[in-house]
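Several structures are given next for inspection.
Below, chain A partners chain B and then partners chain C, in two separate complexes.
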Partner chain A sequence: MKVVGVTACPTGIAHTYMAQEALEKECKKRGFDYHIETQGSIGIENELSQEEIDEADMIILAVSISIEEEERFEDKLVYHADVNEAVSDPKSVIDKAIDFYKKNKK
Partner chain B sequence: MADFKSEMKNIQKSLLTGVSYMMPMVVVGGILLAISLTTGQATKDGFAVTNPFMLNLNILGKAALAMMVPVLSGYIAYSIAGRPGLTPGFVLGYIANNTVGASGAKTGFLGALLLGIVAGYFVKWMKSWKVHPSIRAIMPILIIPIVSTGVIGLLYIYIIAVPLTSFTNMLFAFLKNLNGTNKILLAIAIGLMNAFDMGGPVTKTVTMFTIGLMSEGIYGPNGIYRVCPGIPPMGIFLSTMLFRNKWTDADRAAAKTTGLMGFMGITEGAIPFVVADIKHTLPATMIGTAVGAVIAAIGNVKSPVPHGSFITLPVVEGKLWFTIAIIVGTVVTAVLLGILKPRISEAKKE
Partner chain C sequence: MIDKDLIVLDSDLSSKEDIIRFLGKKADKLGYITDLDEYIKAVERREEEFSTAVGYGISIPHGKSEAVKEEFIAFMRMKNPIIWGDKVDEPVRLVFMIGVPESKKGTTHLKILAQICKKLMDKDFRERLLKADQEQAYELLMKIGKNIVSKEEAK
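And now, the complex of A and B:
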């Protein structure tokens, strides 16, 4: 299972990175391949390439603001999550994302 | 109904996007302005900074604060409509934050917020037009920016600006009639109006009113008014310290700058917090500021300078009451915010 994601919060100094860490930890625990990009007030870090996005089995956008370079995700099936929920309950975010993909794929 | 709800959520997301881009601008403007004001002398025409180096810092700070409102509306529009939203958003935000038209109307950050949303949806709608392929190429660089900026801007100047000016004139007349007849009522009105739009048309009305009275040698209303500017930002700062479960760590970090700006009499520091959560923040700051204003009225505070908060303390008359008024107003704001704002975990579920 390849998971890619983006995290972003309004201030972009704390929750963005806490959400990234929480999602990475949860993916690691489940043995997934993962790459989580952050869009804090410093801009894009740990950037996702188009190939990674194309190859991913699951795309999770845990954002509460509009993100940069959103066009990379155009025409893709994307699960939208709350950035705060990703911080406090990453397990449920991943569970819901898996359900979402089961229901909507094909 | 579900559509309306998800649209409201989109607007909320756009407002937060605007705030996130505006934040560094507020910090730069606020800090540089605050540093320069520490060397200022209180004079009849305001807070005069004379040291040439500090004067340059002052110019930089003011430039950043002048940009913050256009950046807010620009990125609100950007969030709704993508790149083509930026131009009308920036231009209309600038227009809202400056006096326009023969009537000299100014709507401040509340106007900019609204214009940013309107511009965003207008551009989004224009993007959906089915146009001939030969025209499609010039849509984003020619037609969308010119039409959206022109149409909304002119509508704003001709339709909104005029009634707005008569509205501010009405407020002015209202304040004038209150003067002398009922000082406490006047103080409540000044406090509420000052905290309502933080530098917009309503605040400007109060400024015109108190400065007008100063030229006639009446310093009381100005004293009441100058207690107000620091209360919303300092109240927010205090609240983030007192109520840990109502604010995020990011809020707490940002509020430190806000508190300093409040101390220096720069109300604008509170704007990002207000935009992010208008319905809980505005009632708290308005009531807190009104309480401070009433205390200033009771204590007969007078101020000879058109600037406010603690930095002007050396020149005000009634220093003790001035201090008490600001502190009590700040505490009331902080506590009300603590009561009104939802817990972080509850907000998350919404």
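And now, the complex of A and C:
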């Protein structure tokens, strides 16, 4: 399972980075391949390439603001998660994303 | 940005408002803040958007404001778990209060803050903070800072 995602929060100081870490830990635990980009006060870090996005089995946008370079995700099936929940309950976010893909993937 | 005087262990304060003001005053005294009330307002505005009690016994009140001269992080460990605002289901023992200037000057400090936030997701790190004395807590936080600085210099 290849998972890519973006995390971003309004001030871009804390949650963005905690959410990245929490999602990475949860993906690691499940043995998934993962790459999580952050868009915070430092700017874009750990940036996702279009190729990675195209190849991903699951795309999780845990963002509470509009993000930069959103066009990379156009026409893709994307699971929108709450950035706060990604920090406090990453397990539930990944579970819900998996369910979402089961139901919606053609 | 990481200061021994901004590490307060085993405080018996019990309300979010008192804690924010207490730590804010300390940061003000050390010259990190130009206008304490303005900074506190920024922190409270952020709290109103969504509580910064994120689970794991942690809260991370933070404010981005023109009233902040230089990035800082303050750490307070509570003597007993407290209720953070209206988040009754998630008692908090570790409080990290962050201040960031409105206009960014450099990114090294922001990277250190980001790295500390990431470390908070690590159970071992939290347990060490729960047991640390002031010197150890300072060392734990400083180590993260030093790692970032040496990475930046290696670039």
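Note that the second predicted complex is superposed on the first by the 106 of 106 C-alpha atoms of A that agree within 3 Å, B and C clash if a C-alpha of one lies under 4 Å from a C-alpha of the other, contacts with A are read in each partner's own complex, and residues count from 1 in each chain.
Heads up, the rule we're going with is that a residue touches a chain if its C-beta (ideal position, glycine included) is under 8 Å from a C-beta of that chain, and two chains touch if they have at least 3 such contacts.
Here the structure is a predicted model, which is why all the values come from computation and not from measurement.
For the composite obtained by overlaying on chain A, chain B and chain C cannot both be accommodated without a clash.
Of the two partner chains placed by superposition, chain B and chain C are both touched by A:88. Of the two partners chain B and chain C, more chain A residues are in touch with C. Look at A:41: by the touch rule set out above, it reaches both chain B and chain C.
In the superposed pair of complexes, A:65 makes contact with chain B only, with no contact to chain C.
Applying the stated contact rule after C-alpha superposition, one finds that A:22 touches chain C and leaves chain B untouched. By the document's definition of touching, neither partner reaches A:1: not chain B, not chain C. In the superposition on chain A, the residues of chain A touched by chain B in one structure and by chain C in the other are 10-11, 13-15, 41, 84, 88. Of all the residues in chain B, the ones that touch chain A in their complex are 13-14, 16-17, 19-20, 23-24, 78-79, 248-251, 253-254, 276, 344-345, 347-348. Every residue of chain C that touches chain A in the complex is listed here, in rising order: 46, 49-50, 52, 54-56, 60, 62-64, 90, 98, 100, 104, 107, 110-111, 113-115, 117-118, 120-122. Those residues of chain A that touch chain C in the complex are listed here as 10-11, 13-18, 20-22, 25, 38, 40-43, 84, 87-89.
Chain contact summary for the complex, chain A toward chain B: residues 9-15, 41, 64-66, 82, 84-85, 88.
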